[in-house]
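Each of the two complexes below includes chain A, the first together with chain B, the second together with chain C.
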Partner chain A sequence: MHSESKFEVIRTLVAILIALLLAFIIILFVSQEPITAFLKLITGPFSSLRHFGNIIETAIPLIFTGLSISVMFQANQFNLAAEGAFFIGGVVATIAAIHFNLPPVIHPLVAIVLGAVAGGIVCLISALLKVKWNASELVSSLMLNYIFFLLGIYIINYFLRDPNAGAMVSYQFKDNAMLSRLIPRTRIHTGLFIAALCIVLMYLFLYRTKWGYALRMTGLNQSFAEYSGINTVKVIIYSQLLGGITAGIGGATEILGMYNRFQWQALPQYGFDGVIVAIIARNNPVFIPIAAFFLAYLRIGADIMSRYTDVQNEMVAVIQAVMIMLIAAQGFLAKYRHKMIVKGAKQHGKLS
Partner chain B sequence: MGNLASIIFTAEFGYAILRVTTPILFAAMAALISDRAGVINIGLEGIMLMGALTGVIGSAFSGSLWIGLISAILGGVLMAMLLAYFSLYLKTDIILGGVALNLMSSGGTIFILYLVAHDKGISSSLKSGVFPQVDIPLIKDIPVVGEIFSGHNILTYIAFLSVLVIYIFLYKTPLGLRIRAVGENKDAAASVGINVRRIQFLALVLSGVLAGFGGAYMSMGYVSWFSRNMTAGRGFIALAAEAMGRGTPLGTMLTSLLFGFADALSNSLQSLRVPAEFVQMIPYIATILGLVVYSNQQKPKKVKGEMEESV
Partner chain C sequence: MEEIIRMEGITKVYPNGVVANNQVDFSITEGEIHALVGENGAGKSTLMKVLFGQEQSEEGKIFIRGREVKLTSSQNAIEHGIGMVHQHFMLVPSLTVAENLVLGKEPTKGGFLDFDKAVEITKELSEQYNLIVEPEAKVEDIPVGKKQKVEILKALCRGAKILILDEPTAVLTPQETSELFRELIELKNKGHTIIFISHKLNEVKEICDRVTIMRRGKNVGVFHIDEISTEEISNLMMGKEMSLDIQKKKAEPKEPVLSVDGLSYFNVVGRQVLKDVSFCVRAGEILGVAGVEGNGQKELVEIITGLQVDYRGTINILDRNIDKLSIKGIRGLGVGHIPEDRMTYGVAELASVEENLISNRYDDSNFQNKLLMDTDTIDSWTAKTIDEYIIKTDSSKRLVKMLSGGNIQKVVVARELSTDPKLLIAHQPTRGIDVGAANFIHRKLVDMRDTGAAILLVSADLNEIMDLSDSLIVMYEGEIVAYFEDMSKVTEEELGLYMLGLKRQSEDEIGRCFHA
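Right, the complex of A and B next:
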């Protein structure tokens, strides 16, 4: 077991290395100044406190959606509505941030709880469609993303839009509603603590509770779980509900921490980024912050690269895809894995 | 409601249904062929998007429409091969592989678009060709019927023709039989000497060809340019259409038309006093309803855990 997990770490690192190598090759082809561009990509994020702050800011929403996707994937539920749940969480938090009058601390908390409820509902729909009518949660969740995006835009456009602002944005949030900044000269906000709390709670839930155990068993082998008396229908529902809630918290936290008005014009894609984070972290909450930090680092590096050189930041999309495919590839480095297991077994044999 | 009827019961509306069904139908046929070989192609959305872009680029740089079409197909096939290589040879979960492909495509197309056209939104600086519209002799002179069925883009006719071709391919050729055998029972197929992996690889490549056609239609027929994420979920809708059509070519064509109807409705209703957001929701809501109705009919005794059985 130990050598298996060591192998997983090695495989993840090799996959990342290959993806970065590919990045370098692409840059070599498209850029007039490949070395500068690559250096900006790799070292740019650490070049100043502001840039480092950018990594943390970007990592916060990724932690939430990464947790959201990983809890659903652990139950073997391919629900991708985290995207819509994140968005609607932001919309509902916006309503609360504009219309409520509450004291500081309480105000954002209420807004985030409401966002969590809204996000939970989004993912719950897919779960209910599945247990009631056996409709694939994958397809229904993809459709829900479009539906809730349009619903959110409708709410902002017809009820919360500030006609005096030039663009399609909401009224300003009440001052009390916004999450406060932690470190001067960066936009790192108190949402970081909420993210940390979610990681701990999710870990405890998955690995220290009966429900979490049932969830993981269902994910490993649903028939086996059923035969051993686990109510898998219940697992299907609460795993997706929990995923939606986490994504909703993420959307609400992001909106209240980073903006003073609602201004998303398209789906922010954090839900799909959550898939990348969950895969890098192998669906384990403990590794989610590391994976989110790494992905955020890559994004910020790419932004800096595109600002200073002639390479566009969308290149990251290609690197990410290769990372997902390689990390998720059972056959990647399979021979090496086999060797490691045989070696481990032999050593074990000698000892006993 | 009278207003609604006056929109639906017109020849233009019938024409619009066929027009907007075309990309969904291509993608649904692509979904069908890979599904029948037992591989689910979630990456259709991304494959189609890439095809739409490579088509425009090929056509703009060669000045030839047909090279544009070939480029679109090649773009689709290359993406499909990438998915096939990872899922069949490196054993990447095909759902995750498909998700990765879509992510790659939505960012990658913008990256390539900027390299070629120095724009991150739309390819208007590239002068690409547009597939011609074709009048069908005799039929075009029949009132109403002619207005609905004649004068479509040539790719629209190819899309509907592909339904027949795929039917013949799947049910009347040895290769089609092998594909169905692999999809039906992989182990049984392997036991009679069929190379399962090769058949599935081939099915994914064919699925890339069809999605490439769909992409070509999007950027060189439906409109005459490429714009970011222009496929707008059609690849996903096609998956639902294929599932509802129970994996048969004719059934899938009918369900594609159903979603085409919803899509056309949402285009036509833009003129009514309904918030645009709700009108735009129609195709997506219709897809969920369709999925529920379909799945409910074949409700198994218990809820299945694996995706493969419920998609």
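Right, the complex of A and C next:
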């Protein structure tokens, strides 16, 4: 392995280790049964098939939003409307799942494609605002999240709400519309295959097509890309469009795979979690499933810990925060890296 | 004279793995002008940054007057009487000369800057060392040569007894250079010690007492200046015999490839940067553009290559008006562009060598295999290009930031030349790179000219311009002030007069460079 990427792997692992250690120390202070709590956190997710299933279920939406954020971050576009796109993707899939009458397989696919289109539009707005008026996509996308959240809630409440359900949820989806379960006694659904397909496609797109090349070069150095003749305006637009589409697919898949009615009352936060996943995976689609699985594992672990012991599951937020901070901090382990470089230079005979 | 500074066994490794200094010993005696020479990347600047406390070495000791010191910051070095004038000036353009000079140790009156006192301090110093500056002028309004004087005064003002000058003549005209040399000798006579970093060997010969030669991070010899010839220095610098001048036959210019007619341009703040510029570059010739930096050359290049729009005038490349063309469209006419700032425009340093080499042809149909890029074809093309341009890298997948400056520039040149452009805009093609790589690039440019390309060479390096150009225009304040059709009739001194705006040819003489 290349020494630079080896270093990044080591740095990520050390960051995770320090975060867990810190979590343990805090648990030690707040809990009457620290050892049990920590063991539940670490081993709980693997204690039963159902718990393991929970990890996979949680990882699926994180894969989609992680991919979505990655493609936008690789183009150096800090669009955070993946959150809104994910939500709207779910809303539009709900419309299709309730109002359409289609055969199995076709029905969810149509719903997901429509969700993808809707998600794409959400992220596209920030891109167009940036291209046209140089408005920061970071700001506009954060604002758009509220707009699309309220728009989605409006659609659900006024057009799709089931008055007999006793809660603010939509009508039931048509049976044909829902994604089938893969493994009995878990809720792992065929969305997993869609996620896998998206990972492969996104990897090929970014690293093997000319459009992906143009996107990455624009992200690495926009002046260089422009000077080389790359149409960076186009890149800014299609990177965010693609990010929105991926998040939209994620939202639709999540809704059709996990629920039989639309029941989100707030933004589900998967879009923002996608940022964490993308940072851990260094925006590389290959590492996205690993990062998503890891984050899901932590979430489920924390959940189990809070159910069986006296430690709250917010503990996981501390772990996340420390981890992200250490990974994002360029200076972390810089001295160690420098020693590695000096050693490397000595080995290559550059120093005598 | 006694030894004032001794550096022993200095080893410095940069974060990108480059060993800039490898067990370097270096010593200077009080009151001498000591030259530090070597190719770019030989480690001269690094050694001096270590001495100035800007970089910390992995190994090695520094002694000042026989006492070991730890220099952990430039503040620290200044306290020990060391001052440094950087290649790129560290001045605040919007402040006056006097304000720049006292910055950090301002005289105050009632808590506010005592401007009159600052002016007084400046005048005093200026007279004491015979370095004439106008204390009340704004730094942004004064010429480069004056800015350098301000930098030197700034160091002296902080009590520097040892002055490090990093390639001080790189930005100066011949006239300004000889003025600087007179001042340096005066400083030396007043008891100051000067370290003079350069790779212009005739200058080193002219002014220095001793010379230390560096090659590939090592000290390869220290000599009294009259013990060694420039040829010997150059051989030690490069480790092998290498001719310094460029062999080329007389140009045979054909039809114009680029014609610029009545080009004017106003920058964002409304200043007119180009004033009615007209010229042609013909197939088979290298047209040099000489001039002190900042006289419109940058804008001229940016407009021709499509990076800058909103100009007045007409530009034709191969009889095609480029007004409506994108950068890609202009490149499509057969234009190559070696940009001035290689780290901003020339490369994406976090992308691989291969990715950088293909940026102007990544969408070529022979690089595509249906929807995907054809990695086999790209890999073999890259390998061939790396070979042809002798780019030193252990793999084409290596990140560009891991390469040395000279090799990074070769990546840029390889990319721009391998398309066989009909027009090449070369802007400072060899700035800041070692002589070996520079010679290689110069030869490539001449080869291209011989195969019928038109080349516009913009450079602030007079040697480069004089050696390479077949004909030459001089720019001053956004105008062409001279055109020389025959380079053999031009001397550096004369060129200097035009560059400084002291002389100007008649409209008819200048007009000859518009061949259309």
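One rule holds for everything that comes next: the second predicted complex is superposed on the first by the 347 of 352 C-alpha atoms of A that agree within 3 Å, B and C clash if a C-alpha of one lies under 4 Å from a C-alpha of the other, contacts with A are read in each partner's own complex, and residues count from 1 in each chain.
The criterion applied here is as follows: a contact is a pair of C-beta atoms (placed from the backbone, for glycine too) under 8 Å apart; a residue touches a chain by one contact, two chains touch by 3 or more.
Given the structure is predicted, the values throughout are model-derived calculations rather than measurements.
For the composite obtained by overlaying on chain A, chain B and chain C can both be accommodated side by side without a clash. Within the superposed three-chain model, A:Ile18 lies out of touch with both chain B and chain C [touch as defined at top]. Using the contact criterion defined above for the overlaid structures, shared-chain residue A:Leu182 touches neither chain B nor chain C, since it reaches no partner. Once the two complexes are overlaid on the shared chain, A:Val30 sits against chain B while remaining clear of chain C. The larger set of touched chain A residues comes from B, when the choice is between chain B and chain C. In the superposition on chain A, contact of A:Ser223 is made with both chain B and chain C. Once the two complexes are overlaid on the shared chain, A:Val113 sits clear of chain B and of chain C alike. When the two structures are aligned on the shared chain, A:Met168 is found in touch with neither chain B nor chain C. In the superposition on chain A, no contact is made by A:Leu39 with either chain B or chain C. After overlaying the two complexes on the shared chain, residue contacts for A:Leu204 are found with chain C alone; chain B is out of touch. Contact with chain B, but none with chain C, is seen for A:Ala329 once the two complexes are overlaid on the shared chain. For the pair chain B and chain C, the minimum alpha-carbon spacing after aligning on chain A is 5 Å. Shared contact residues of chain A, touching chain B in one structure and chain C in the other: 223, 226, 334. Residues of chain A touching chain B in their complex: 30, 76, 78, 80, 129-131, 133-136, 138-140, 142-144, 146-147, 150-151, 153-154, 157-158, 218, 222-223, 226, 232-233, 236, 272, 275-276, 279, 312, 314-318, 320-322, 324-326, 328-332, 334.
Residues 2, 4, 204, 208-210, 213-214, 216-217, 220-221, 223-231, 334, 337-338, 341-342, 344-345, 350-352 of chain A are the ones touching chain C in the complex.
Against chain A, the residues of chain C that register as touching in their complex are 11, 13, 15-17, 19, 22-23, 58, 305, 307, 326-328, 331, 337, 339, 344-351, 355, 358-360, 362-363, 367-368, 371-373, 375, 397, 399. By the touch criterion given at the top, residues 42, 86, 89-93, 95-97, 99-108, 110-111, 114-115, 120, 232-233, 236-237, 239-240, 243, 275, 277-278, 280-281, 284-285, 287-288, 291-292, 295-296, 298-300, 302-307, 310-311 of chain B touch chain A in their complex.
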